[in-house]
Structures are given as C-alpha cells and as structure tokens.
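After this come two complexes, each holding chain A, first together with chain B and then together with chain C.
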Partner chain A sequence: MDKGLLAYLLIPLLSAVLIPFAARARRRLADVIANVTLLAGLANLAWLVLRPSMISGGFADIPGDGLTLLLVGAVYLVGFCVTFFSAWFMEDGTPNRQAYYSLILVSVAAMTGVVSATDFFTLYVFIEVLAVTSFALITTDDSGRGVEGALKYFFLTFPASALIILGISILMLTLGSLSFDNLRIFMASGVPSSGPVTFGAALMLLGFLIKSGVAPFHTWTPDAYQGAYAPVSAHLAGIVTKISGVYALIRMAALLHFFDGRALALSDLLMFLGMLSIAVGAVAALRQKDFKRMLAFSSVSQVGYIVLAAGLGTPLAIMGAIFHLFNHATFKTVLFLNSASLEKSAGTTDMEKLGGMEHAMPWTSWTSVVALLSTAGVPPLSGFWSKLLIILALWQAGLKTYAVLALLFSIVTLAYFMVMQRKVFFGKKSRAAEASAEVSAPLLAPAVLMSALIVALGLLFPYFYTYVRMVAERILI
Partner chain B sequence: MMNDYRTLLYALAVFFSLWAVMSRKLLISAIMLALVSVSVSLIFFDFGAPWAGVFELSVCAGLITVLFVGAVSLIRAEEEKHPESRARFYALPLAAAIFAIAGWFYLPQFFAEIAGWARPGTGSGTIGLALWDMRRPDLLGQVLMLAAGVFVIKSVFPRRSEK
Partner chain C sequence: MNSFPMEWYFTALMMFVGFYCMLASRSIVRQLIGLEIVSKGAMLALLSAGALANNLVFAQALVLTLIVIEVVVVAAGLALLVKNFRVNGTSDIWKLDSLKG
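Up next, the complex of A and B:
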C-alpha cells in the first residue's frame, strides 16, 4: 500500500467515527466536520500536485505511479461536492444525518484504500467496504424504489465479489503472489502455465465488469441510480462505480498488456464489451423519459469508452482511459447534482412534466449545457480531449471500425442530451417551471465549481496531458 | 478413518447451511450459520491451517454471530408478526443433492487439475509476521469494514423501527 497517502484514508475514517459523538446534540456539526475534512484533503492534494515547481518540472516528483494521486483527487473532489450539496439539500428532520455523513466519509476512505492498494487482495477488501457502504447509502431514500435499487445492487454485485475472490485465489495459487509488481514480473517472464492465469484473470475481469455496470451486466445501474437518494446518485455514478469497477479494470488491463499476447482473447473481449456498452447505453438513453434514468444509461455508455480503451491497452489508450475516467467524474457529478436540484425545486425528474426550466433555473440549465457538451466530446471542453485520445489510439492500432463507431456514438450522445436539454430546460414554460425557482447559491456552488473545472481542464489540456502521459508511462513501463 | 472424519465435517457444513437457509426463524438461521463456521474451522484445522481455523472460529462463529443475534433480537417482534413463506426453499435440498452427485463425478478431476497449477506462495511464518509485516493494509480494511458495519446498522435500523 502506498504509505504516503495513508493520511487520506485515516483522516476521513477518524472524522467518520467522530461525527456520531460530536454531532449528537448539534446535528449540523455533522455537515461541518464532513465538509471540513474533505476540503482540507483537497487543499492538501492541490498543494501537492499544483504548486508551480511541480508543474514546471513536468510532474516528475509525483510519488508512486501518479494514478493513485490523481484518483484520490477525484474521490475527494466528488466527495466534497456531494457533502457540500447534501448539507443544504437534506431536510432538517432527516433521520440519521450523522450516519449518512459517516457512511460517505467511510466510502471516501475505502476508495482511497482501493486506489492506493498495491496488491489484489487489499484491493478486494476495500472494494467490499465500498460495496457495504454503497448498499446502505442507496437505502437513504427509504421509498420502495430506493430499497429496490439497493437489493438489485446487492444481488448483482455480491456474486461479482465471489467471482473476484475466486479469480484472486487462482492467481495466488498459480503465481504465488498478488502484488501488482510481482504479477507484472511473472507475466513478463513467461509463466509456465498461462492457461490458469488467464482463467483467474478472466474471472476477476468478469467480476469487475459487473461492478462497473458494463453492458450486458448493467441492469442494476439504472435502478440503483434512479432509486437512490439524490446526492447519493451523484456520489455513486460520479465516483463509486468508477473506483470499485473501472479502476480495477484499467489495472487488470495494464497487467494483461505485460502478458505479451497470451491473453489476447481477454483484451479483445474487453474491447468488444466496451463497444457494446457504448451502443447499448446510448440507444437506451435516447428512449428514457426520466432525467436520472437517462443519466444512468449515459453512464453505462461513457464507461464503455473507458473499457474500450483499457482493453486496447496501448500507452495512448491507457492515457485516454484515465483522462476519461477523471472527466466522467466531473461531468456526471454536475448532471446528477443538477437532477437533484430539479427534484428539489420542481418536485420531479420526469422529462415529460418538465419544460422551459431555463427561465426558472438559469444556472442549473447552463451548468448542464457545459457538462453535456463535455460528455458528448465537443471542443474545447475536457471530454473532447479524452475521447480524441481514445479514438486516436484505436485508429493507430488499426481498429478503424471501433474508432468510427466510437465517433458515431459520440454523436448519438450529443443527440440524447440535446433532446433532454430541449425537453427539460428549453422550450415553452411548463406548469412545473411556473411553480419553481432557482435553488439557493450553496446548492449551485458544487455544480458551478465542477463546470469551471471542465472548462479549465479543456483549456489547460497541455498541462493535464503531461500529467496523464507520466501516469501511463509509469504504469506501462 | 481420516477420510471419514473429513466427509463427516463436509456433510455437517452442508447440512447446517441448508438448515440456515430453510429455517423459518432468523435466530435459528444465525445459530446454524455459526455452526457452519465451526464445521469449516474444524476442516481448516484438519488441513493444517490452524490460523485460518482460529480466525474462522473467533470472527465468523463468534463475533459475527453476536452481531447477528443482536440485530435479530432488535427486529424480532416485527418478524413474528409477518412470518415469511419459505415454501420456495423446499426445492433447495433437491438442488443440493443434484449438485452433490454432479460434484462427485467432476470435482475430483477439477481439484487434481488445480493442484497441478500450484506454485509455492511467498507467505509463511507466524501470524504476527503475516499480520503486521505482510498484510498490514488488510487490517486497515477490516477496521474500515467494522466501522462501515456499525454505520450501516445505525443508518438502516432506526428508520425501519420508526415505520
């Protein structure tokens, strides 16, 4: 485990334990402790990565492989946006305010554990903690839908855990070690029995694919995201499923790259499922009537791009995958937080009942526009660059059909988001728009912050490119 | 003789797990689950894995059972008002029997194949060495898991009882 980052795991854990005691009499103290913990972590990370000497040195002094630090940043950023939003979103009488914040902080600690793990068993332990906290967080909304979402999450992701632990035990049996470094050496050195290793890796990949919600294992995602308590869906879709599934897939794919052509079938399968996910998610999103459900299918589609790139496994593709993972965290958080604002202000996320919301909620409308354009890959926003890297990598590797399809489905992405924007925000004022007003400034702040980040990442792409290239070089060489 | 003892332990583990799933009362299920853990830990001892056995016995049969029994007693009144229909679980022993017969034919070859893949692991030595030197991050994961468990109970139970 990367010990330099241990504090980012321990401090949220301590705050999580502190909250039930400190906030017993004054419930609002729970909001303060959670927000201060995450903001302090973010400030610390910003100092670590963004100080001028670090940027001018091309990020060469970043500890570890750099991927960990980038993802801890994403975890803290989304976590902070969600807790800040929740502090104003949650009704005063909401039960279990303390338990809610404690669970969010434990899940932040678990995600930090996942990304700083250096062997597969530790990774598995933290992924399980994440699964337990996500299950409880989904049921924060204790309507029937919340419970249904949580149960679907449980029944599909726990068998995935069983597959992962089975794969891990076969790797342990055949290679005698689970640490990433040792596995890399074993795989590069020509393992005597490549069949069992491929079998173990295939079981683990299957487990991680289910956890990432990649088609055809995506059936739990729309119900879980739609049914979950509104800020929790932003947390789940923005970062949790990305860390508990997609991150591990990138790790596995980078390892298989060292397997030197002996696991080509697995890489091909990964790319095929990635493409399938892009298509299934995009087509299903076109047909949705509920805003949150449409966003959930859009997530399935965007995760497809990351899996497609991870399956390809060239340095450029891994760069694209990492960059798109980070971008996805930013734009999906904005869109899900905006859906929560809509739910609070207009009382529904049914797109048929909404319309002309732009007049009532201009800030929510325009942050949505920034996020959706970035998701669809429109320049100069951050999503354009990550999709460009992925499509270029596919083209370079001679996979022209995949490259063209990826590009075409980017246009479908733009289409379903345009339909959403027209139905919900633009057009004639609906009855819901007459009755609602823009949410308060603190509720808007996280979406505005993330939108600014989307624009900044797009405009300052050369700096970010240097960082991501450093990461891809370190994990592939 | 040794083989009979092992077969008995396997049979007991299967028997208790079936009982745990089919029992009408949650409390009985929790106790049966503890007995499954006891059988499994005896299997671990038998295979010369005393540390795994000790952990299985103390954590799964001990700690987890206490948690389950505690939670069950919290919701007991509610459970007795609405007893759950278990009719669909009556097919379970049949499914288990089919699985056992299929396993009798195929699993020995499968295990022989897996044993052929084996390669000695790097981990050995005392439990202290394993926990404090080799697997320290996992301990952190376990602490996190315990904290998560406590918060889950805090978050889910009060609401359910209010309703």
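Up next, the complex of A and C:
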C-alpha cells in the first residue's frame, strides 16, 4: 500500500460506517455527510496538486508515482458529482438513502485502495470489494431491469476473479512474491525463461480484460449500464469499471515492459483486442435506439482506445492511455448524468421519442454536446489531445494500420454522436420536449462543472501534459 | 519438484467442472454453485503454489483472506438471486432478456 494516501481510503470508510447511525432519524443528514466527506477530500487533493509552487516546479514533488494521485483525484471528482447529483435526484422514501450513500462511500474507498495498491493481492482484494458494492448499487431502485443488469454483471465478471487468482498463484510460484516491484525487476532483468511469468500475467490480463468490458467480453457492459439506477450508471461508467479493469491493465502494461519487447505476444493480444473493442463498440453504437445503451457501447469503444495504447506500452502511448482514462471519466460522467436528467424530466431515454430537447432543456443539451464532441475528439476539447497522443504513439511505433484504423473509428464515433444529437437535442420539438422543462440548478451543477473541466483541460493542455509525462516517466522507470 | 504436482490436475479439473456447470445449467442457483467450484479450484492452485514455493504460511494467509471475500461475494450473489426471484418471478437465466438492443 502507498501509505501517503491512506487517509483518502480511511475517511470515506469511516463516513460510510457513520452514516447509518447518524442519519437514522434525519434522512437528509446522509446526503450532507457523504457530500462533505467527498468535497473535503477533493479540496485537499486540489491543494496538494494545484498550488502554484507545485505547478511551477513541474510537479516534481508529487508523492508516489503520480498515477495514484491523479486517479484518486478522478475518483473523488466523479464520486462527488454523483453524490451531489443524487442528493437532488432522489425522491423521498425510495430508495434507502443511508444504504445508498454508505455504498457509494465504500466504493470510493475501495477505488482509492485499488489505485494505491502495490501488490497484486491487495489489488485483487479491493477490486472484489468494489465489485460487491457495485452489485448492490446497480439494484438501488429495485426495478426488474436493475436486478437483471446486476445479475449479468455478477455472473460474467466473477469468473474473471478466479482467473486473476490463478494468475496470482502462478506468479507466486515463479517469482516467489506478489509485489509490483518484483515483477518489474524480473521483466527488466535479462532472465531468459520468462514463459511461466508471462503465462501468469496473461491469465491476470484476461481477468482484467473481462472486468473492463473489452470486446469480446463486453456483453455485460450495456446491460449493467442501462439497467442501473440512473446516477449509479454515471458512477459505474465514469469510474468504477475503469478503475477495476482498465487501471490494472495500464499498470500491468507498464510493469511488463511492453515497449522493450519482452512479452511481445501479450502486447499484440492487448492491441488486437483494443482495436476489436473500438470497432465493435462503434459499430454497435450506430444502431442503438436507447440513449443510455448507446452511451454504454460508446464506453466500450473508448475503453478500446485505452487498451490499444496500454498494449503498445511506449512512454507516449502510456501517457495517452492515462490521459484518455481521465478524460473518459469526465465526459462519460457528464453524459450519463445528463441521461439521468432526461429520464427525470422527459420520462424516457428512448431516442425515437425524444427530439428538440435543446428548446426545453438548453443546459442539459449544451453540456452534453460539449461532452460528445470531446468523446469524438474534436479540438480543442480534452478528448482531442488524448486521442492525438494515442494515434501519434501508434504511428511512431510503425503500426500504421492500427493508427489509420483508430483514426477512422474516431470518425465513426463522431458519426454516431451526430446522429444522436440530431435525434435527441436538435430538430423539431417532439411531444416529450413540449412536456418537459429544464431540471433544477443543483442537478445541472455537476454536468456544468465537468464540462468546464473538459474545456479547461483542453485549453490548459501544456500543464496537464507536464503532469502526465512525469507520471509516465515514473511508472516506466 | 521432479514430478508434476498432483494438485494442479485437480485445479484444472475443478475449474473445468465449474465452468461446465455454469454453461450447462439454466437455473441461476446452479450457476452460482458452478461459480463457487471455479473459485475453489483457483484457491487450491494458490495453496499449491505456496507449498511449492516454500512459502506456505503466506499462501495460507492469502487463502484465509480469500475465504472471507468469498463469503461476502456469495452473500451478495444470493441476495441478488432472492431479489431477482421476487422482482422477476423466475430463476431461469434464459428468461432474463428484457434488456437488449
């Protein structure tokens, strides 16, 4: 464990224990405690990273490897947006507020644990805690669809845990220890027989690929995201599946030293599956009728970009992967929160019934459009820079086919989002748009905050580039 | 470590049996049982790896932790099964098809 960030794990856990007792008589107290906990953590992190002396020093004083801190920041940011949104989204009575906020805080604590783990077993334990909280969170509103999504999530991702354990046991057999450093040293040294270690790593990578919903293991992703309780789907798509699967993939890609060609088969496999995922997600998203389901397939496609870059494993590609992971957290949170607003106001997320929502809900529409353009990689928004880094890294490594395909599917992304924008936000006012009104300001605040962040990250790219380069240098040593 | 240790055959066998159980049965309860068999196979592998690497104490500690995690996961899974039976009125996995597109 990275001890410097232990407080970010323990304090949400403490609040989670506190909430059921403190908020028994006064229900709204649960909202307050959860929001204050996460906001305090966020303010603390912002002070740690964004104080002027730190920025002018090129972020050289960041503790640990920098990736942990960045992702703890992302976890707190998305967690805060989701709790703030849910505080105003939930109707009185249903669902059970105390249980809901406790679970959200436990899941934030578990994600902090995942990103600050320094050995595979700790990583595994926190991933399991995270998975259990997600099953419970998906079924928050007791709907049939929620239970169905959670069951599919459970049955399709839990075998992945068994594969991870099998991989861990093979690593233990061959390396004698499970720490990240041990694997890094083994891969960096010139020991010739790396077969068993590669096999163990392959099993673990397979588990993490299933958990991150990469094609052909993506079948649970749309069901879980579509069925989940509306704010939970933002939490799940924005950060939970990214931390439990994709983060581990990036970490393993860095540890296995893909760039010096030691585990070439694994690198090829990851890159192929990443490309497949980009293609499958984009093509499937083109023919979706439901807003949330289309976003879920787009999520599969965007995760493909991250996996493709992680599989390449050069410093530039790792930078692109980390940056895209962070961007994905910002734009998918905006989109899923806005889909929740649409569901609350217009009563449906079916794209055939929606239309002309920009007249009825201008703020929701325009924040969505910013996020959509960032996803599709339109300059100067943040999504453009991360995709540019990934494609440049592919081109630099001589993989011109992958680079061209990644660029082409980025255009397909733009295409399906254009279709969606025309169907949902622009065009003639539909009956749903006539009947619905803009949601209240507190429900808009998280989406506006995240959209501002998307624009700011795009415009202040040089600062963020310095940070991400520092991270990539540290984790690739 | 001259001969191939016997436990790994059992590990492979248990994982195969578990996955077969998951594939072949329609009832969600049976699928959960298959899942449990798979993860027990993985635990056996961990224990065996600890013994072969002369680090049995460490492996035992890990397996104890894993058992605790198993309990939590099984509890969550069973709660989902009960909730599914109450809400959807079936325990047949093939009837869970309201989400598609």
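Following the convention adopted for this analysis, the second predicted complex is superposed on the first by the 468 of 477 C-alpha atoms of A that agree within 3 Å, B and C clash if a C-alpha of one lies under 4 Å from a C-alpha of the other, contacts with A are read in each partner's own complex, and residues count from 1 in each chain.
Rule of thumb we're sticking to: a residue touches a chain if its C-beta (ideal position, glycine included) is under 8 Å from a C-beta of that chain, and two chains touch if they have at least 3 such contacts.
In this text the structure is predicted, and so the values were computed from the model without any measurement.
In the superposition on chain A, A:Leu173 contacts both chain B and chain C. By the touch criterion defined above, A:Asp31 lies against neither chain B nor chain C after alignment on the C-alpha atoms of chain A.
Of the two partner chains placed around the shared chain by superposition, chain C is the only one that A:Phe158 touches, whereas chain B remains out of contact. In the superposition on chain A, contact of A:Leu9 is made with chain B only, not with chain C.
Contacts of A:Tyr100 after superposition: chain B is touched, whereas chain C is not reached. After overlaying the two complexes on the shared chain, residue contacts for A:Val132 are found with chain B and with chain C alike. Residue contacts after overlaying the shared chain place A:Glu358 against neither chain B nor chain C. When the two structures are aligned on the shared chain, A:Asp65 is found in touch with neither chain B nor chain C.
Once the two complexes are overlaid on the shared chain, A:Ala110 sits against chain B while remaining clear of chain C. When both complexes are aligned on chain A by C-alpha atoms, chain A residues 121, 125, 128-129, 132, 135-136, 139, 142, 170, 172-173, 176 touch chain B in the first and chain C in the second.
Taken in their complex, chain A has these residues touching chain C: 121, 125, 128-129, 131-132, 135-136, 139, 142-145, 147-152, 154-155, 158-159, 161-163, 165-166, 168-170, 172-173, 176, 222-223, 226-227, 288-290, 293. Residue ranges on chain B touching chain A, taken from their complex, read 114, 117-122, 135-138, 140-145, 147-149, 151-152, 154-156, 158-160, 162-163. Contacts from chain A toward chain B in the complex involve residues 1, 9, 13, 16-17, 20, 95-96, 98-100, 102-103, 106, 109-110, 113, 117, 121-122, 125-126, 128-129, 132-133, 135-136, 139-140, 142, 170, 172-177, 182, 193, 196.
The touching residues of chain C, when paired with chain A in their complex, are 11, 15, 18-19, 22, 28, 31, 35, 38-39, 41-43, 45-46, 48-50, 52-53, 55, 58-59, 62, 65-66, 69, 72-73, 76-77, 79-81, 83-84, 87-88, 93, 96, 98-99, 101.
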